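Letters are used for the chains, namely A, B and C, taken in the order the chains are written, and counting of residues starts over at 1 for each.
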Amino acid sequence: MGRLVERIIVLFSWLSGAILLSVICAVTGYLCFKGLKTIGPALIFGSTDPMSALLLRQRVFDGLFPAMAGTLLLVLMSVGWAIPLGTAAGIYLAEYAGVKTKKIFDLLFDLLAGLPSIVIGLFGFSLTLFLNRHVSKELHPCLLLSSIALAFLILPYIIRTTQIALENLPMHNRLTGLAMGATRMQNLVHVLLPQALAGMVSGILLAIGRCAEDTAVIMLTGVVASAGVPRSVLSHYEALPFYIFYISSQYANQQELATGYGAAILLLFICLLLFGLAFVIKKNLPCQVFSQR
Amino acid sequence: MTATCERAVERLFFAAAFVSAFVTLFIFGFMVYYGLPLFSGGRFLAILTSHWAPHQGSFGIYPMIVGTLAISLLAMVFAFPLSMGCAILISVVSRGRLSRILRKVVEVMTGIPTVVYGFVGIFLLIPLVRNVFDAGSGMCVLSASLMLAVLVSPTMILFFCDSFDRVPRSYGHAVLALGGTRIQHFLHVTLPCAWPGIIVAVTMALGRAVGDTLIALMLAGNAVQAPDSVFDSARTLTSHIALVFAADNESLEFKAIFACGVSLYLFTTILVLMIRLAARARGKVGQVG
Amino acid sequence: MPPSIPPIIQSSVKIRVSNLSFSYNGREILRDTSVAFPEHAITAIVGPSGSGKSTFLMTLNRLWEELPRCTMSGRVEMLLNGVHQNIYAPDCGMEALRRRVAMVFQMPNPLPMSIFKNVAFPLQLAGEKDKRTIRRRVEETLRDVRLWDEVKDRLAGSALSLSGGQQQRMCMARAMILRPEILLLDEPASSLDQKAAEAIEQLLVRWKHHCTILIVSHYLDQVKRIADNVVELRDGQLRIR
């Protein structure tokens, strides 16, 4: 009987592996089959001259340029909020927090990390309502508010990777600087942070990936299907993931649908690129050399 | 650097942590505040259990709760065996290069955007479900669950593998020395030691499945009804928020999405607490080794 | 009645430990023990492994405060800059203390930077800005540990590329560059081969004329060769042997 069970388990594991691999092949293969032929300058700039589109002289109507510009701005702004806040909080947790404080913060950050992105989006949306009512009638869902809401989405990732990168440094490493009379800050700046940097950067790259792919948050906080390149941080904007979502149900003709496939390939490529980059940086962690002993 | 400066920077770090933590609580407060008329006087429970009929003044989210549970639990039914099989393949059955390549592929899969899965789902999976099961439009609980299973599996596989790898090797030598096979070793040694990690992984995956918006929004059809079969269309709490948020800000219809938000928040809280409990058990297992 | 502290040898006392108790992770390592260490001498600290010798060293430069779950009571006084100081007094600066009381660890612990930067690092931490002074002191110290000729052409190279013995001598140079009055060593030669260990012993014998040296050691022959006094840590008590 034992032999049979073993056979079944082995067979089942191979079968699972095969299913997973065929699914991933089906997803990427189908996308490439349908969308690869659309890849080209026309996918991004449509019928507009690329140069005048880049210089914002001419608006692109039938290409992905506005969506890409929107996603880029969105990512830059969100990361701009989240990196200082997240790294500082991560450093506090790893280096300064007492046992009890750490427990409370840990729980809250786990909770923040676990919140569905639509809940963060709903928060961003209600924040907009609140600001609109109590601060300025001019405030509507916009790039600025989206970026703030997205920053909260990626904040726990950045906090965690910073914290883990610092806490994983070996103890003897931590004591070396202190034993020479370094203050905690000197030790942090000169010894610990340089060694934790690779881990922190790879975490940030993954966070950028999350920013670029998230759709639920921006859906509630100001993304629209057609807005052109955003003129200010207080205006509506387009974004790649939302464009893909929108096209999937609202496409008017085959050409729009083809652009949708192109956009999906593009987004997939961007996310995998960030993912690969994060991996390479993490693999070349300088402190690994140091802790090999 | 002077001592006062050191203290100032430390305070700054604390402030950053405090703000980040405060936001977590603030999100909850904000949602309760905006949904307030719905939460007063024990009406929250009534909303959770009554039906959605805006025209008759009923704003219950019961169908959405059922839809969410149906889709995410069914997704887990698909994802759990698949993930367990793949994890066994990676950690136990295959060796060396193949194992490394498979693990890499799974890692890369975690980086695929959700919207891409949804997009491919619409044009590849929906027609398939429609034709194979003759299931109306094909937008149904089954389609969403299948895609959701693909979405949550990679994370679960990696976590399973990690839990298996954590079981100290020395345990294994005893079994192998007695002439046991790798599978026996896995069944009798690894699995009993790794169960807290498995619980953590499943709970996390469930959280991910419940919290995901796009797959259900794109593939489940979004009909407001408690689904009777896997071929029925359904709407999740998350999709409901995405579909209704543009309604009139003062209407009760609009307020009801905050009930969805609060439910999701509370659900997440419960899962996080469960994960912490399981993780504590996991730490203990590790200590024994 | 306070416990009397027997004089070790006829020389002035550099470190006086009184009524010291220490526990780590809930385990008591030192229990109400007192001892004194003489100036300009090498004192070896011996005892069964796991008795807390390394931890004891850390009570002398307050490094244990960086470890989790430690508690301490008692007094530690030192003669630093010619003045008797209670190192746990609130007005005693921790960083200043650690600059006067240097420490070398069991495993060589080069920081992942160049050889030059490693050795110059304590000077920079102490606020030394002048490039020429730093260069001069680094060379001087590296010559002192007999490492200069081996590394003078690769000062900008990674410290991690040095051999174990070279790394440990570099760490000793790093510890000595601030000209500390007290040097704490935690089995500095245990990870090295015979030859490298002897090189380090010779340094210590030379240094004791301007420095008070405490060394934790397992090797009785090493203790016999270099130690002027031996203190044993057993059952939470420090006793002169």
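Just so it is clear, a contact is a pair of C-beta atoms (placed from the backbone, for glycine too) under 8 Å apart; a residue touches a chain by one contact, two chains touch by 3 or more.
The structure presented is a predicted model; accordingly, all values stated were derived computationally and were not measured.
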Practice task
Could you draw the chains as nodes, link the ones that touch, and say if you get a line, ring, star, complete or other?
Solution key: line
Practice task
Could you quickly compare A-B and A-C and let me know which has more C-beta contacts?
Solution key: A-B
Fill in the blank from the handout: Between the Cα centroids of subunit B and subunit C the separation in whole angstrom comes to 53
Problem - Chain centre separation in whole Å, for subunit B relative to subunit A (CA means) - result: 18
Handout entry: Computed distance of Cα centres, subunit C from subunit A, in Å
Key = 47
Problem - Junction residues of subunit B, two or more chains touched - result: none
Practice task
Identify all positions of subunit A at which a residue touches two or more other chains, and write them in rising order.
Solution key: 183, 186
Exercise for the section: Name, in rising order, each residue of subunit A that touches subunit C in their complex. Expected result: 99, 171-183, 186, 190-191, 194-195, 286-287, 289-290, 293
Handout entry: subunit A residues touching subunit B - in the complex, by the definition given at the top
Key = 2, 6, 9-10, 12-17, 19-21, 23-24, 26-27, 30-31, 34, 84-86, 88-89, 91-93, 95-97, 104-105, 107-112, 114-123, 125-127, 129-130, 152, 155-156, 159, 183-186, 209, 212-213, 215-216, 219-220, 241, 244-245, 248-249, 260, 264, 267-268, 271-272, 274-275, 279
Fill in the blank from the handout: Per the touch rule above, subunit B residues touching subunit A in the complex are 1, 5-6, 9-10, 12-17, 19-21, 23-25, 27, 30-31, 34, 81-86, 88-90, 92-93, 102, 105-120, 122-124, 150, 153, 157, 181, 183-184, 187, 207, 210-214, 218, 238, 241-242, 245, 249, 257-258, 261, 264-265, 268-269, 271-272, 275-276
Completion exercise
The subunit C residues in contact with subunit A across the complex are 61, 63, 66-68, 95-99, 102-103, 105, 107, 109, 111-112, 121-122, 124-126, 160, 174-175, 178
